[in-house]
Structures are given as C-alpha cells and as structure tokens.
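Down below is the structure, laid out as structure tokens.
Here the chain labels run A, B and C in written order, and each chain numbers its own residues starting at 1.
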Amino acid sequence: MAKVTIDGESIEVPDGTTILQAARMIGGDNVPPAMCYHSKLKTSGGYCRTCIVKVSKGSEKDPRPMPKLVPSCRTTVMDGMEVQNNTSAEVLEARRGVVEFLLINHPLDCPVCDQAGECHLQDLGYENGAAKTRYDFPRRKFNMIDIGPNIKMHMTRCIMCFRCVKTADQITDNRVHGMLFRGDASEISTYIEKAIINDFSGNMIDVCPVGALTDKTFRFKSRVWFTKPMDAHRDCKKCSGKVALWEKGNEVLRVTSRKDKWGESEEWICNECRFDKKDIKDWVIEGPRHIDRHSVISLNHYENVVAKLKIDIAKQQKQIVDKK
Amino acid sequence: MGKKILLEHINVPGIKSLDVYRQNGGYASVEKALKTMAPDVIVEEVKKSGLRGRGGAGFPTGMKWSFLAKPEGVERYLVVNADESEPGTFKDRYLMEKIPHILLEGMITSSFALGAKTSCIYIRGEYFYVSRILEAAIEEAYAAGLLGKNILGTNFSHDIFVQVGAGAYICGEETALLESLEGKRGNPRIKPPFPAVAGLYGCPTVVNNVETIASVPYIVMNGGDDYAKIGIGRSTGTKLISASGHINKPGVYEIEMGITVEDFIYSEEYCGGILNGKKLKAVVAGGSSVPILPAELILRTEKGEPRLMSYESLSDGGFATGTMLGSGGFMVYDETTSIVKNLYTFARFYHHESCGQCSPCREGTGWMEKILHRIVEGHGKHGDTDLLWDIQRKIEGNTICPLGDAAAWPVASAIRHFRAEFEEYINHPERIKEFKHLQELVS
Amino acid sequence: MSKEIKFNEETIALVNKIIKRYPEGKQKSALLPVLHIAQAEFDGWLSPETMEYVASLLRIKPVEVFEVASFYSMYNLKPVGKCILEVCRTSSCWSRGSEDIIKHLEKKLGIKVGETSKDGMFTIKSVECLGSCGGAPMLQCGASFHENLTLDKLDNIVENYRVEGKRKSYTDQDFKNTL
C-alpha cells in the first residue's frame, strides 16, 4: 500500500495505482480531467496531457519533486507522494494551454454535433478554456470518409486520444482503422474506405470523448438532454445485455453502454443491442439512470433543476422574511 | 593539433576496409576485452572515463549501462542510434562512411560488456548508401571471425544487423527508435518503463549514439582514467563537431573539449573564419534544438570569460545567456542572416517532424510555424512575438518526449536575443528584404 | 495495366533473410525494410495493393502497414517521377542558398515543388535536414547525395539523370547483395 496526498487530501492505495486513479478514489473537485485515459482500455492515456499534475514530493524515500509536470493517468503513486492539482497555479496554467491546443483546430460545431451535452471537450473547455481564441488561421479540414453503416466519423472533431484504436485492438478481432499520417496531419482512417464491421465496433462510439465518432442510428434525432436515460437489459448471447436506453416518450432513440461517473463505459455491448434493438419491448427496464456528470445534461437535469428551485425558493422566502 | 581518438586514422588510404583498419590497431579492444576483461570491469572503465552520450543529451554512458536490467534468461540488446537527424548534425554519417569498423568494434566490445547477443544499428533512411558501407563492413567482420559464433575463439558470440529507417526525425528519440525497429510508427513511448528495463521487444535495451559507442574501444585500450584526462572538467574526451553555415571550412572536426569557441570558429585548423570576411552574427552550437546565441554571448560568457567548447561552458548562464553542446551541430550565421527567417526554417522542421501523439506538440508546432510564416511573409500582426513566446512556453515541458522542448527552445532563444528583429519584421514589412539594418538591432 | 504486385523468388528470399534477423514472431520488424524494397520494385510508390501485399507477406493487418507507410516521409503514397529531386531547405542549407536551388529547379523543369514533370521523369520535393549541412546546399536523388550545389552543377545533375532516364531508388547500389 502507498499513501498519497493530492491537494492536501490523503488516501492509502494499493501499489501500482496511478495518481489519477487515486484522485478518483478520493473523489470531489480535485480529480484531474482526462480525455484519452479510459479505465477499461489497457495502455490508454498519456497523450492528451489534460490530466497533468505536479508531483511536489516524489516519495517518502526520495522526497525530491519531479522536474516536470506528469500525466496523472500514467504515473504510479509512491508511498509518501504529494501531488498538486488544483492547488498548483503552474498545473492550471499548463492545463489551460493544453485545452487551447486541443481547441485551436476543433471546428466548434457544437450546435450541429450530436455529442453536444455529453462531450468531454465541451466540459473541459467550459472549465479550463478561454472565452476567446487566439488562433486566427483556417482550421484543419479532412476529407470525409465513410467507415460503414453504423458509425459516422467527423475527423475534424477528433482530439487523437487513441481510444477507438485501442478499443478495436483490444475488444475486436480485426482492427481495420488506425492512426494514419503524422503530426497535425494525423487522422483516424481506414486508408482505403473500408467499413468497420465487427460485432463490437459500436463501442468505439462510446469511448470517443468528442463527436468524432457518433451513432448513425441516432443522428440528428434529438439533443441528448431531451432524452431520458434508463437502465435496461436483455438476454444477449454476445454481450452482457446491460445497457443504457435513451428514450423520448416511448421511443428508444439510442442505446449505449452504461458509463460510470467519469464517462467511461462499464461494460462493452454488442452491435446488435446497440443498433438493432430500438423497440422498448426488446428490453427489461430497470429504472432511470443517474447521470453523475457535470456536463450540460446534468446542468439542466431535473435533479439539479429541482435542487436549484428549492434554493431559489428558500432565498426568496428569506428575502420576504428579511423585508418584514 | 588536439588529441584525435575517432578520426586519428581517417586519412589513411583504405581505412574503410577491415585489413587496413586492423593494421592501424583496429579491433584490438575486442581482443583485449573478450580475452582479458570481465564485462563489469569494462562498464567500470566506461564509468571512470566520464564519457557522456554524444547524441545530444549528454547523459553519462557508464551510468546508463549500469541501469541495464539483467533478469535471468531474457535477451538484452544494444541498439546504436544512427538516426542522426538533428539539423546541423552530420558527424555520425561522416564517421560511419569513412571508418565503419570503429563503430562495429565499439559495438562488439560494448555488447560484451552489456551481455547482449545481438546488436543493431538503426540508421536513418536517407543514409541508405551508408547502410551499405556498414553492411559490407559487417560482412568482412563475420568473415574474419570478429562476429558470429565464438568470436576470436572465445565463448562470446554476437550478431549485428543494420536496420534502415524511412524518414522521421522523431526516431532519434530512443523509444520512438525502438518502436520503429519493431515495425511501427515512430511514436515515442510513455516512460517509465525506460529501455534499460523494457526496450526492444520488451527486453532490457541500451540505446547509444554512434559516436558514443565508437569511443569505447579507446577507453578499453587505454583505460577510463586516461580518457578522463582528455578534455576539461566533466567534459571528458573528444567530441565530433559538425560545422556548417557561413564559414570557410564546413565539415566534421574532432576537438578536444575545452578549446575556445573563438578558436573553433576562426582558426585555420577548424572553421577557418566567417565566409567572405563577413562579421559573425549568431551561432546555434549544438543542433537546431539548442538556444541560438548572438556573437558576443557565444564567444564570451555573461561574466566575460571566453566561452569554451564543453558541456559546462556552453551552458554557462543557463538559457538566459547560455546554450548547450547538444549533438555538436555547430551552425554559424553571418551578419546578413535573418534570424527570424532562420527560425522559420526550424519551426517548419519541428512542425513537419512532430509525431502527433500529444496535443501540445502536435498543435503547438503547427501554430508556431504558421505565425512565423506570416511574419516572414510580411503579414505579421502586433502581438505575434508575445503570442509565439506564450505558445512555446506552453509546449515546453508538457510533452511526452523532448521534441516539444526542442521545438520550443529555438523560438524562445530567438525572441530572447533578437526580439527587435521580430518587431522590425512586424512593424516594417516593407523593409524585410534589406537585412543590413537588422545588424544594428542585435540586442 | 500495371504489373502484378508480387515479388520474384529472389526478392522473397531477401525478405525472408531480413525476417530471420528478428526473434520468432517479431517479423513485423521487417516492415520498414520491406516497404523500401516494395517501393523500389513497384514504380517508386506504395499503392494500397502493394501495402496489402506487404501485409500478407509479413502476416500483419493491412492497417498496420498503412499506419507505418503514412508516417514516414520516404514512402510515397502517390505515383512519383523516376527521379525525385529532394532539396533540403533547413537552416544551413537555407542559409547557403537552398531557396535559389529550388527556384532554379522549378523554372528549369516547369513544375512546382510537389509536382511531377509531364514526361514523368522528375518530381521536386523540398525536404527537411538530410544530415549534409557541411555540404550545403544539397539535394538527394535516390541513394545519392549531391552536395555543395551551384546552379551550374544543378543543371549538370539534372541533365545526367535525364540522359540516363532510369528510375532512382534509395535502395540502389547492389541492394540485394549487401542486405
């Protein structure tokens, strides 16, 4: 076990735990944001640099600070380690820099993007971004390529997190897409237009932190915040059959994996469950799904709205009392 | 004339061939090491020599070797980094082309010290013709029993092969090199683990620069203490310097560390002074990544002492007034040179070579190039200099590998020492073609 | 009709020799060298068919070949001229006049950087540092480095290539015997 302190809060964690995992165990507001790390994908993380933190004390044995900011998702804790996230101005500034880099070539087409409302980049920009861009060059464009009947790809929105590549590598048996070219010309592609057809390929949609990979069967049907997430399951031979249904009225608009509070899939689901079972009768409904994210969905979520109303009413009542 | 270790026999006719190389004392270190020395003793001698990595980082070689993990039954590898791609650097090409056996000798001896059964030279693809020279030399060495099974009748067996890259600066970064060697994209790995623990095919691996390995035979033959006597302070031994730009005698020079920069630039033995009798404006002393320094700071430190060709003296004053020895890619610019345009060529280079894995480097290098491009085209905007400064600051230290730093430092140093020139470009684009007035702007 | 994408027996033997350098199961290591061979053999560029063929030879997924081929600057993913004149443009070459070299070539051949002459003989490419700064300005064509260029020298080089009329590859110079 190793004791690690993050922004003043301590926790004992098993050896081999990363700083990010430890921060998630502590919970609260001091968890570094992560775009490319995904808890269910091996070797993920380290690329986007949003989760960088400052290690102000290396360990009990070797208390020297680490010379550079480190990606918390790929740095394992040492006993006695002290980490600064939100308490370090250096970290916050570097993170603002990373967010700016991620956004300079992003099309900012949220108004027409199906990911809006559950987009990690939106959240990240909201919390760490600047109101105005300093980038005044034309933004990067790519030729649209068709990657098959189920998944729509918008390369301009991609932040190159490698999650979809790792998903294809680790949960499907034949990866046909990958990271091609290099530098800022890198793109996710199949090179020769090739349909990504695989029983589990749809999971790439769920792992995509932005709107680069979206569900064609859900395309332009509804804003996510107008849909109602429900936990549901069915008997499935290929996967666990445990999913989240996104309903509007009695219509199932979309099926996704169930995601944890960090927006990362809990279990992979098969394409049949995801794309073909859009009838409410296909499913056993377990109940409303709690979305524990600070994204737009939750901002206007009824739970929050009710809570906010309660506060507002209390305030007004107090004002009335005070006036009297 | 200073001491020569690597290039001592460079002008001997036929030194490329095994026979001539051996007639000049070549491969004696293999004989000595394999027959009379224990591997650990060689590592100790290299430690004592103070030899530092000649690729650019200057990390003590003996220490790097001692980090190599040695689990039972697991292969270990020595990989020679011949990806030489740092702009301004061409010393490894020269060495491999002219005297290939010195590298092979160093590899056999070093592999014996490290317990590596196989070693490999990863050479940049553009040096294809040099790879042939090396392959021919390897064939000669096999035929002479210096490679293969039971070398010189000892128990030590060793194989060497040459792997050719295909055009990617980033493969000079050791983990990107290993990825490339495994047939993948040259994306640097996230460390730890370091190659000493998990390198090629997940096995413990030492990656060393060509020049570093080529220095090992001398150390084995003469002892680490003897090597440490050459040079100055912690800059022991000799260093190959690739000299280019506005000088009379561009080329590769072996210097004993500690000679003055002034001597190196102006003496007939080395660069032979500035081309066409012009004045010196600036120098990039250690390959494109290291900070550019104006004439007065490259010749003398801030304290007014003569600047020496050594790790310590070149970095005297930190980045505020100093630079680095780096790979020894010594680029000289005369008074007519536009520092801004030169920087643009560097920025374009780093943009072109960024692998694209991590966001600060992928996005930042392109952004910096675009801004510099509009400045040199006469469309610079007010505030561009400050914007450039801010972008490089946000790249530096925040990337997976040192390419981010390498892209940031030239920008930072050019602005630090030549800010007025940037402002001139931005405020008076109509005067861009007249470089003369830029001379007076040097701060 | 382009020729069939298949190595002859001699080349297959060479590929197998390269694969033997690596430990069992690590044949993917041969990808870079084999792509060089394929490019030299099949008209100087790597078509999707060529890359699929290489993938089958090394028993890896085609996308693994695309990923690699598109990463490295020496692989051409589009048809190119027989002689690719690659002019270095980084600092030392720039400071010694590489821009003039490029302009001269563009004028002489009537094409811009990145284009191929109508007769399919030449492609001009501007490239980043080739490690020949001491011989600046310089250009590479196939395996050859041409250093300390002057405009006259450049004219000669181009004429010689034109007269020779052969495709130039990085792998020239008895590739098969020395690898």
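One rule holds in what follows: a residue touches a chain if its C-beta (ideal position, glycine included) is under 8 Å from a C-beta of that chain, and two chains touch if they have at least 3 such contacts.
Computed from a predicted model, the values in this text were never measured in an experiment.
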Central chain (distance from its CA mean to the mean of all protein CA atoms): B
Chain pair with more C-beta contacts, B-C versus A-B: B-C
For subunit A paired with subunit B, centre-to-centre distance based on mean C-alpha positions, whole Å: 41
Distance from the mean Cα position of subunit C to that of subunit B, given in whole angstrom: 25
Contacts with 2+ other chains: residues of subunit C: 64, 67, 71
Residues of subunit B engaged with two or more neighbouring chains: 168, 185, 352-353, 355
For subunit A, residues that touch 2 or more chains besides their own: 179, 181-182
Interface residues, subunit B side, partner subunit A - complex: 168, 185, 190, 351-360, 362-367, 370, 381, 387, 393-395, 397-400
Partner subunit A, residues of subunit C touching it in the complex: 48, 51, 61-64, 66-67, 70-71
Residues of subunit C defined as touching subunit B within the complex: 21, 23, 26, 28-33, 35-36, 58, 60, 64, 67-68, 71-75, 89-92, 94-96, 128-136, 140, 143-145, 170-171, 173-175, 178-179
Subunit C partner contacts - residues on subunit B that touch it in the complex: 75, 84-90, 92-94, 124-129, 132, 135-136, 139, 159, 161, 163-169, 180-186, 201, 242-246, 250-252, 284, 288, 329, 331, 333, 337, 341-342, 345-346, 348-349, 352-353, 355
Footprint of subunit B on subunit A - complex, ascending: 45-49, 52, 68-69, 71, 74, 93-94, 97-98, 100-102, 104-105, 134-137, 159-160, 179, 181-186
